[in-house]
Amino acid sequence: MIALLLILIPFLTGLAAFFMREGKMARNWSLFSSLLTLLCIILLITNSVSASNASFDIAWLPFLGSRFTLAMTGMVKMLVLLNAIIYFIVFLATFKRAFIQPGRYFGLMLLMQAGMMGVFLAADGLVFYFFWELALVPAYFLCSQWGNEKRIQATFKFFVYTFIGSLLMLIGMIIMHGKTPDHSYALQSFMHANLSLTEENFLFWLFFIAFAIKMPLFPFHTWQPFAYEQSDTSITIVLSSVMVKMGLFAVLRWILPIFPHAAVSNSHLIIILGVISLLYASVIAVRQNDLKRLIAYSSIAHIGLMCAAIFSGTVPGMQGVMVQMFNHGIIVAGLWITAEVIETQYGTRKISELGGLAQKAPVLATLLMIMALGNIALPLTSAFVGEFLMFSGIFQYSIIIGAVALISIILSAIYTLNMVQNIFYGNTLPATQDATDINRNAKYAMIILTVLILFLGFYPQPLLQLVNDSVQGILSGLNFVLK
Amino acid sequence: MNALILSAAWGIILMFCSILVKNKKSFGYIAAFGLLTILIGNIADTYGMQITHYNIYPMLSLDRFGLLFNTIAILSTLIFVLLSTIEIRKTGKYQPEFYTLIFFVLCGITILTSYQNLLMLFLGIEILSIPLYILTGSDKKNLKSNEASLKYFLMGAFSTGIMLMGIALIYGGTGTFNLQPSTHSVVGTYHGISFLEITGLIILMCAMAFKASVAPFHFWAPDVYDGAPTPVTSFMATIVKAAAFIAFFKLCEVRVADTSAAINWKMIFSIMIVATLFIGNITAIFQQSVKRMLAYSSIAQAGFMMYAIFSLNDVAKEGLLYYALAYSLATIGLFATMSKMKDYTFEGYNGLAKKQPTLAATNAIFLLSLSGIPLTAGFFAKYYMLASVIKTGSNTWLVIVGVCFAAIAIYYYFRLIQSMYFKTGNPETLDEEITPFFKNSLIAVAVLIILLGAFPQLLLNWFYF
Amino acid sequence: MPVSYYIILASTLFCIGVAGVLTRRNAIIIFMCVELMLNAVNLLLVAFSKMQNIATPPGGVTVGGTDAQLFVFFIMVVAAAEVSVGLAIIVMMYRNVHSIDINFLNRLKN
Amino acid sequence: MDITTIIFWFLSALALFSAIMVVTRKNPIFSVLWLIVVFFAISGHYLLLNAQFLAVVNIIVYAGAIMVLFLFVVMMMNLDNLPVVNKNTWMKFLGVISGGLLLCILVSTSKSAADMNLKTIVLKDGDIGLIENLGKVLFTKYALPFEISSILFLSAMVGAVVIGKKES
Amino acid sequence: MNALVLCIPLLPFLGFLIVGLCRNKLSKTMSGILASGVIGISFILTLVIFFSHSYSPNAITYFNFISNSQYNIPFAFQVDQLSTLFMLIITGVGFLIHVYSTAYMSEETPEHYARYFSYLNLFVFSMLLLVLGANYVIMFIGWEGVGICSYLLIGFWFKNNQYNYAARKAFIMNRIGDVGFLLAIFWLLARLGSADYSIVFSNASTLSVTDVTGITILLFVGAIGKSAQIPLYTWLPDAMAGPTPVSALIHAATMVTAGIYMIARSNVLFSMSPVTMDIVAVIGLATAILAASIALFQNDIKKVLAYSTVSQLGFMFVALGVGAYTTGVFHVMTHSFFKALLFLGAGSVIHAMGGEQDITKMGGLRKKIPITYWTFLIAVLAISGFPFTSGFVSKDEILMAAYAHSQPLFWLTTFAAVLTALYMFRVFMLVFLGGFRGSEEQQHHLHESPPAMTIPLIILAVLAAIGGFVQLPEIFGGHDYFNEFLAPVVPAFKHVGESMAVQEYYLLGGTVVGLLIIFLLCKKWYAVKHFEGKYTGIKNVLAHKWYIDELYDAIIVNPFNNIAGFLKSIVEKSGIDGIVNGVGRFIQYSSRQVRLVQSGMVGNYILIMVLSITVLFMVFWNQDLIIGFLQKIF
């Protein structure tokens, strides 16, 4: 029941928000809704509600053998939590901002949240596909309505790119449906489908391309910096903290258990792709002058690492990916909020035009510094745990690849510190001559994130415990193959 | 049978209305009422209640498939009439005749959905076409309309000739006009099938492809759709096209199915499909006028409907019906909105969302449905088409091609959304014609689309019950 | 008389009609060529009907092949209807542009 | 080489020749007239095939009604001073070529249909062409299409009125 | 006990939080007292541990940091002799330097003052984490923590971009080392399934030779980065951009010695791999000589000290390389005394000179700042190994160890020691003797530093002077208490027997004579009135640090930047994105062409229809051929 609520609350509140004319009401309304969602998931995680409420199942399309099934695992819980937190943070950070057509903005945002909730929760192929698209469409409208001058092209590229992917996935789903013994779309029966190795490979790629585009993985990544740069930052936060996780999540839930043989046999290629996008994106980020593009590329790099770690098929790798999905989510959200503050308050994203903010905006400087340290996975920030585990997983898979991948921590240090130094240190420039410090809401949002980051960096056990069952589940399937 | 009789009757009634009824506004409502009765009659028919027990064998046979499609067609026509009464009123002093002709077209449709005999196919097609020639030209002073009707008529007549040649050859091969070839048909030399029959079938298929505007026989469609008065276009491009597809499907279902053991028809069909998808989508991209873009998009959609004919299985059967409804609803809605615009180009739509939020929102839903986004009927339509092909097995390449073109289609559908929502401009609309009634019916259509997208069984359960 | 003679004759007439449709630009003549095609089909059908009539076992009353001739009858009916409409359309166009050249009106393209 | 064979060949030749004339004449009036000749030739074939009813109907409906209508329209619009739009010869050429291709296909079909070669038609024989036989079938089996064709005519009539009526 | 141990690092952390968060509220004195106070307390706590001898070979586990079915990384502390020694150094010297800083940084505005101290506390916290950790992961946490603190402190005066570049350079070069360290940890985890010292060392014997060599080399790479050895040493001289006390604490006394700590800690592994040992020794020696040679002709007082630090670290690695771990650690201790003293003295000088760091502009300060003068003199004697100073004892041990290992190593190390003496005396002379070469107002500004600065100097001077006696060779009537103290953790370096006694005396004599000569030479050369630091020929090369930085720019930095630019503007924009956009553009183009088929002429339409009918027929009758052909292609 809770599972259904998690989707329904944002969905219904979102629909309601469409009809709210003036911004104040819509703002409060959506903040309230996000709080409500957060409350639900926290209740669930703290086991305040019985486990039976966690899942939900009702007949939907009998003649297609598709039921409206929602199921919880540790990983799902974690991502749902991330989704709820990020939305709360976004609404909090942008609380004072006046959007044009606020009703539509908040409505679409909440619909997108509902869609992503559904993606995380769905345990039925068709339902999953439904929500996959449902998350995409509001994103399209949001990005192309609120953003910078080139936003329409950027968003269109983003949309078409992902749409092709999801259609391929749809084909895969239909074929799977034919292969399942009981002709249903349920995740369970997908797992029991009897496939020859060639079929499995073919289907694997149909699914994987869709998810690789979403992640995005080199060489399918070019939509991402463009879209992130052009769309409004408050939306970019959601895109890059939660939506890109959909791709990784889907690989973990919809590929590894279903196509274990194919996953194992293709793992080498994909890990190499992941490492390539890790290094490639990092190197490019070094030369970026646009703050948002820089963050976008760094996020591509991190995603590449996670993808590689997934396919390393090792315990630490898997564990690392799961926690990193969460940690990267909150850290990158923090970075985007700073970017948003900088863009809205100082009116430029060009790193070269900024400087000396540490004198003018010490609080902002401190907070961003912490986020930056998180971004370079400094110990005692939460990212360290994830990256440590992932790297050790990749290292276990192959010493060489692990060593090469590890170069990225140097690169990440280079570009992140470049960014920090050029924005905050040195002397002030015209753009930052009379800069004010970070506004109150953004500050509160950032502080919440900071506390999360430091706490989870110092004591990651809660997360690790939360995802433990998923790690075991996925790996048992893979090991069965490896044996 | 009820539908056939009733629509004929209503056609005649409206014909006389032009003399008896003076109030110009009332025709639309009379027609709507008539359509309602026809709808009821048809539904009654599906439950086995018929006006007359006239022996229609072996010319027609009423099966669930045909009747359900009748329902869909009549329903869409009703919606069409409700949405475009004002346009029809504007087309001149011939509106009763206009409705008459539409009713006669419905007669043709009811014949096409239940024909058992090639003669009925022929008559049905003709009853369908001849009124359309006239409707296309009904805007007499408008040269575009003239040109369209001339082109349509000449090519239509030509295709009739082709079609008759096909039928004649089939008769020569099988010795009967029955759709289901009887047992004592000629034993042929080509895998036990007569050459003449096969040749005839291919020629007949070409003629049907023409009616269904399937490439490479689609050429009339863009010009005619573009030139005809907007209401006529929306009627032609949706309901009539769908009916042609049903006829096409029925033909192939019997003839292709029972020869397919010996003969591989897939080749021809796949050529037609790829050509249609290619021409429709690729050409639509460049169009500047929304009307013409929709014309091409209707060709592209025809390419998807061809999937059903490619893979003649139950999934395809359901899918075709579903597609017909989803596609008709969305397109009718789009055309109805377009007829309220002064400027049919994309620029004319710029900033519609500000001026007419309801129109913009509903149109967005229609466009999403056409591009096959989930939670709209269009998604399941596409789903069924893809599924039907996948069910045949070993034709996945065709599906992937279709998917790529579906992605291309996004370009021109979303282009309209972009101009409505994200471009700034001051669109000129015929505000006095945008009545609350119009808006509400648009909303109703949108809601229907979304309902069908969420619960396709609303429609498909009828198919089984 | 072998039936293939009739088939060839009819096909030839048909194709002459087709060629006419393709070569001429005068709407009326094109229309007439279409009529020619229809008649070719009629001839073919009648020939087939005779063929079927033979094919049915001799002796006793036989209706084999009648439906073909009735089909021809219907084709004529339809043709008549088509002609009335078609000529009307052509006349309408002639009223507007004083030409019945099919390429004269060429606003709708691309 | 009996008389019927000669008639057959004569009629065929006549039909083909006049058909070609129809296509090639510059002046529409001649085309109309040649078309009438074609119809007469075809009616002759009908008679030869013992389809007397159709032969008569063909003469009355086609040669009688339809062609007169054509002739009337052609006369009404004096087509001597037609505005000449770009005439392209390669179009004609292609048209002939493709028509020929179609012919080849049809002929090859009938040739390769081995079962057809055995089939023969006995001329001047059989009574199915008689009105009574046709009538019986028409009003029993074909009653429905017969009724329906009335709708066709109605719509044609309405259409002719709508289109043909001069706008004031 | 556990709580006590936990308090030692936690107190500085609390100090960091309080001082850092309330930096706008606290007054200067408050934050100074707070910051130094917490360090003082943890120093006392450490002393408690030291005197209560409450060491234990097994770790104190607090909670599981990372745990999964393959390995478990507890958050655990290891309190044994080695860590206690380092804790003493860190907290003790750290405390002194905190006190020193309260005066040295007094010009700063309150919040920057507070920021400075919060960073300093954070540093101490991470350093303590580093040495306390009971497994390599915790050590790594501290390892990177000190790295980031040094980054923050080097760039403390962030308005100056040069300083920021220096800070970034330091951090990135450290990161390069960290990669090695991390790889070593992963390797250990993969092979032994644990990173705890106890487990690793007890199971080390199960490792194959390749594994051990690989692991140790990777660990050593980490040490290279942190302890500024060839090739990653260039960051340390630049790091002098930071405030002088920072240089004293981080870049002389504590952080840079982390590498030595790590190797000493994992002596079990290193002893198993002679290859690595040789590499360590060679690199150490090379660094010692190179850095010393550069130090000879530097004019910035802090630069000289920096290079001297590098070369001293080289000495330590030589010791480690020859297997004398304790000696290395011992030198760490003594070095932390006299080098901290040197830096603080230098700081005092700079303070007196009003921020002037160029020794060519100093001279004859002996009278003006006597305390600094005397303490500095002691430090110089200690570092150049004047008999019975701490430096003498530790260096002598190193030389002995080297001698025992191989002759050439011994002679080269001695040469490095001679160089050390040379450049130290040079600095000493230039600063304190001769005539004043600075400007007028500097002359007026000259004054002795406040007690907060001088007292630490004195304390350190005492330590530097007598600190060596804990490890005085028997010949001089001493006893190696130090080795015994460390013996449980680090195997003591087998002391040379009587045969070596002779060499000891030779060494003693040689040192005295050599130092005397060097002293006189330097006095002749540098204790002068006029001196301008212009050099020619080889001196110039040395003055320009062998052009190593330029070399790195040429072969690493610039190529990297070019590659990055190439990827960004060519591969990304034109390559991948170009393809993606190209597809779209192609579709639009083809659309523009295809629409022309719709010519608007009925004739053409029908023509195409007829033709396509024929084509369809062709295809239909020959489809078997076509399909076969297609199958051939695909």
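By letter and in written order, the chains are A, B, C, D and E; residue numbering begins at 1 in each of them.
As a convention for this text, a residue touches a chain if its C-beta (ideal position, glycine included) is under 8 Å from a C-beta of that chain, and two chains touch if they have at least 3 such contacts.
This structure is a prediction, so every number in the text was calculated from the model and none was measured.
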item: Third chains touching both chain C and chain A; value: B, E
item: Most centrally placed chain, judged by C-alpha centres; value: A
item: Greatest separation from chain C - chain, by CA centre; value: E
item: Chain pair showing more contacts of the two, A-E and C-E; value: A-E
item: Most distant chain from chain D by Cα centroid; value: E
item: Inter-chain centre distance, chain B versus chain C - centres from mean C-alpha coordinates, in Å; value: 27
item: Chain A and chain B: spacing of chain centres that average the CA atoms, whole Å; value: 43
item: Inter-centroid spacing, chain D versus chain C (mean Cα positions, whole Å); value: 5
item: Intercentroid distance (Cα basis), chain E paired with chain D, Å; value: 103
item: Junction residues of chain E, two or more chains touched; value: 595, 598, 600, 602-604, 606-607, 610, 613, 617
item: Two or more partner chains touched - positions in chain A; value: none
item: Residue numbers of chain B (touch at least two other chains); value: 119, 123, 126, 130, 133-134, 137, 140-141, 150-151, 154, 158, 169, 172, 186, 199, 222-223, 286, 411
item: Which chain pairs touch, all of them; value: A-B, A-E, B-C, B-D, B-E, C-D, C-E, D-E
item: Residue ranges of chain E in contact with chain C within the complex; value: 595-596, 598-603, 606-607, 610
item: Residue numbers on chain D that touch chain C, as the complex places them; value: 4-5, 8, 12, 15-16, 19-20, 22-23, 28, 31-32, 35, 38-39, 42, 45-46, 49-51, 53-54, 57-58, 61-62, 65-66, 69-70, 73-74, 76-77, 79, 82-83, 85-87, 91-92, 94-96, 98-100, 102-103, 106-107, 110-111, 116-117, 119-123, 126, 128-129, 133-134, 137-138, 141-142, 145, 149, 152-153, 155-157, 159-160, 163-164, 166
item: Residues of chain D touching chain E in the complex; value: 91, 94-95, 98-99, 101-102, 105
item: Complex contacts: residues of chain B adjacent to chain C; value: 119, 122-123, 126, 130, 133-134, 137, 140-141, 143-144, 146-151, 153-154, 157-158, 160-161, 164-165, 167-169, 171-172, 175-177, 186, 222-223, 226-227, 286
item: Complex contact set, residues of chain B against chain D; value: 4, 8, 11-12, 15, 54, 56, 58-60, 94, 97, 100-101, 104, 107, 111, 119-120, 123, 126-127, 130-131, 133-134, 137-138, 140-141, 169, 172-173, 186-189, 194-196, 199
